[in-house]
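Consider the two complexes below, in which chain A is the common component and chain B and chain C are the respective partners.
And then the complex of A and B:
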């Protein structure tokens, strides 16, 4: 590969630069917008010279929007809290339910295990509204409508299959011999699971948990259908915010930045795990 | 742990029952989700409008039969297929190109592939809002670029001519990195001998790509494309956040149409029937996908 021509090297560089600009520009531009006042945003032609201000962020965190027309209360901080509560709880529940099940599917080929695993996976691919629409009517009857409990339960639709299938793959890749040896040394099934299997599958569990957290955070449709204003996460809250605040573009941009910052930070921090999880188990040897 | 405790535990959960006990909680949670699925089938066989509860009765499949002559339904099917087809093809081509460019492990390439993770980690609904801000006719930077290039009246999501292009652009921005990651993983896992042999024989790069890279990469390409197709035909977030299916019915894909049927025109029966047709499509696709995926996993394991 050392005889790559001058032309080819330049072609590569130009192509890669265009790609990086295309994928980074929207994030960059929204961050710039969030640091501007409405006056500088509305300038034509758009310009990158302005005095940065944190007013938009402060307004959102304080919960008050003051424009020259009117002042209105907003509760975007509440949306952020909801996103945190929903994602953290959903992933915690999914880990508690999914990891033992994944172990069972990987280690004990029992009757119907493949069918059950496939059924669980197929939830991942079914149209979510198919389940959500009847569920709105049921939830109203049994009192789960607009509760965190109901939402966390429905979020299992995304988190559980993901964790189950990724973690199962990791358990399958660990040789069971170590576990047999430990069992023969007189340890119970449970302590074998806890002391041997869990630590060995640790990276896989971390990858699956992180991915599940990001997918839960980014989910839009579940909360749109099932949650009312005070339970909505940022994805739904931001859309409502756009409709409500109308022309406060700086604040809208700041709200979007606050909403995507947690997942982007997680992605940068844990990119290795993510890439493994995202490539559907196709990279592991 | 003493022996007595162990035997007691064994009596409590026999080894044969253990796997069932372990997977039961996960199953129970999901069975709760199966109930609404059955309900949806039941609704789809009814004439059921929430605004006219007195009119509710079974009409056995009439909802489905009516689709045959329903122009709106064919529009929904067409828009969904065009959306899914074009996003998957474009993302595949772009993802493959980027993966090929980043194939060699170097510091710059690794840095770029990490950067490209960011769009994928952005919530699709929020990505749509970002593009909505950027395509605003008054101050949007993309609208401005279009003016500079000479399209004075490019109205992005608010014109029926360009709405589909706009949402496809957002979809490409969010999901191309997914294709890239999977194909890059595939490219880097290919054995090196065939390439070395080809280089020794002086086979030109382009021919190496068509004759060696592409056939060997095929399982990865298929898996990635099927996975995206499954997601893309159900797209809701981007389209709903961008235009709510409009302008007019330009972007009425399955789930948006079903959502609006349910909540705006409260036609529960039609909404459920629409979703079941979508489910049938995804069921077939997901079976093909899972088969492909398992084969790929076997390969990845066997090749190690």
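And then the complex of A and C:
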């Protein structure tokens, strides 16, 4: 217990606190806002003392947005459901397609495989709007516009490259000898994939899946352009709070808290895998 | 025709030729040691046999059947990897059992077999452990058990003692031959350790740059190495290689080392006057009571079983001498050495190839 180590620990605590405050303050502030009325939010100077109210949450869950001027219906719960449907389906499809593809790119180098992998990554380079406008026309023609299927398909532009490139790295980190050993022990390549490669890349797949989920959840532009009101996720749905009679800060804050909650819960639950997954490549052996 | 037959097997990675037309034949139940420095192509050759690597050309036959394009799971081979390649997410038991689960076999049958092989390798007490909870020696034994448990016809052992400590390596070097002989399998054993190679192999194949440069009994390779490289690889301390220009007279081919005459037995037509290298094993040299040639002792290194002496000749060439530990090293630094000339090996200096004596008319052992 010498002086240096005490100072170091103390300094570390302060640094960590500053970082936590820096990153968590907006969320903390939004939580506070969600428990206030528009009047208490907008008073100047801002104050921490207020009587907490759950009116904002109730209004959102009931689907009625009451302001001092008028009352209008919003469908936030529906938006939340859309977000869940779109994100879960997109990630599920991306995992089904991306994990085997990642394995193929990692293990079976063939002519042009690098080019294909890079092309898939390049989906992330193009500005989404550039793709979306022609895509809207095509989708209207073939009847995919404003369908979950069409949206999930377009969401693959976000999820698939992410999963493919992250998971590929994890497969490459598995010693090929381990897979050879299983093959030589008399197992087919498919059972080697299932029993050896998948479990060993498991944490990486979980991490990639979670990241893809967060990206899909936070997507705004695809659904804005391609979906009508009843298919829109929370990111687009939040626009409804900007009304002619003003911006409903309290309700927006409550909506944000509700829309963060699922990803936050998922991240907390998967935290163990996430840390294990993202650091697995660093420690060999 | 051998049980395991390789014909002009070749493999390149990009521009690098790793196997350059390797042909081999191992009889059923035989043990062949593949010996070579790292990068010689040993592991690639072994993996080609196992089916983990597809060769670019040539073919592999097991029991007379071409298996070149047969997937590894149908080749009926057991393999132990140099890095053990244990499945990290399975217990030692499941690792070993993995060789059996692919076959139609009941759980109790599997348990009996795994227990038997675990007892043989003395790892029964760690079967429930995950690989990362095992010591290196236990990992190595688990990997061996996995290779042995299905009683494969062919066993490929890729330098299995490389990653274990010296004491264990010594123990296993004694234990392995007995263990392997009991299985009756055809074995290919890869190693970089010449002592392991000499201890385990009926025959040793020396691989260099993707080619088999010599194949023969341990005795052959030690006494009649094909070239100076092989001569240097086998033997500790390393063979002495000295430049000479042999001369011919009516007593036969001979050379002078520090004015001492060394005779080469046998007929060597056309060798006289050529630039040559004479290879002298350190144990072929000894301190001379009288005669011999003068050297200066530079260093004496005692090992447990032998004493190695480094000396320099009058012309400043370094020479190593090895003798049993109980034999005294005379007080130096000026001493005389003598050579057991029948142990001298002659090489061509330009190519490094051994110059073999031409078979004598009277000696018919080769023909018989």
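Please note the rule applied: the second predicted complex is superposed on the first by the 234 of 285 C-alpha atoms of A that agree within 3 Å, B and C clash if a C-alpha of one lies under 4 Å from a C-alpha of the other, contacts with A are read in each partner's own complex, and residues count from 1 in each chain.
What we mean here is this: a contact is a pair of C-beta atoms (placed from the backbone, for glycine too) under 8 Å apart; a residue touches a chain by one contact, two chains touch by 3 or more.
The structure presented is a predicted model; accordingly, all values stated were derived computationally and were not measured.
Of the two partner chains placed by superposition, only chain C is touched by A:196; chain B is not.
In the superposition on chain A, no contact is made by A:7 with either chain B or chain C.
Within the superposed three-chain model, A:48 lies out of touch with both chain B and chain C [touch as defined at top].
Of the two partners chain B and chain C, more residues of chain A are touched by B.
In the superposition on chain A, contact is made by A:175 with chain C only, not with chain B.
In the superposed pair of complexes, A:187 makes contact with chain B and with chain C alike. Contacts of chain A with chain B, set against its contacts with chain C after fitting on chain A, overlap at residues 187-189, 191.
Chain B meets chain A in the complex at residues 1, 5-6, 9, 15, 18-20, 22-23, 25-27, 29-30, 32-33, 35-37, 39-40, 43, 97-98, 101-102, 104, 108, 112-127, 129-134, 136, 138-139, 141, 144, 173, 176-178, 181-182, 185-186, 188-189, 220, 223, 227, 230, 234, 236-237, 240-241, 254-255, 258-259, 262, 268, 271-272, 275-276, 278-279, 282-283, 285-286, 289-290, 293, 296-297, 300-301, 303-304.
Residue ranges on chain A touching chain C, taken from their complex, read 175-178, 180-189, 191, 196, 199-200. Listing the residues of chain C that touch chain A in their complex gives 47, 50-52, 71-73, 75, 77-79, 81, 83, 85-89, 98-99, 101-103, 146, 150.
Only residues 1, 12, 15-16, 19-20, 22-24, 26-27, 29-30, 33, 41-46, 96-98, 100-101, 103-105, 107-108, 110, 113, 116, 118-123, 125-135, 137-138, 153-154, 156-157, 160, 164, 169, 173, 187-191, 214, 217-221, 224-225, 234-236, 238-239, 242, 249, 252-253, 256, 259-260, 263-264, 266-268, 271, 274-275, 278-285 of chain A touch chain B when the two sit together in their complex.
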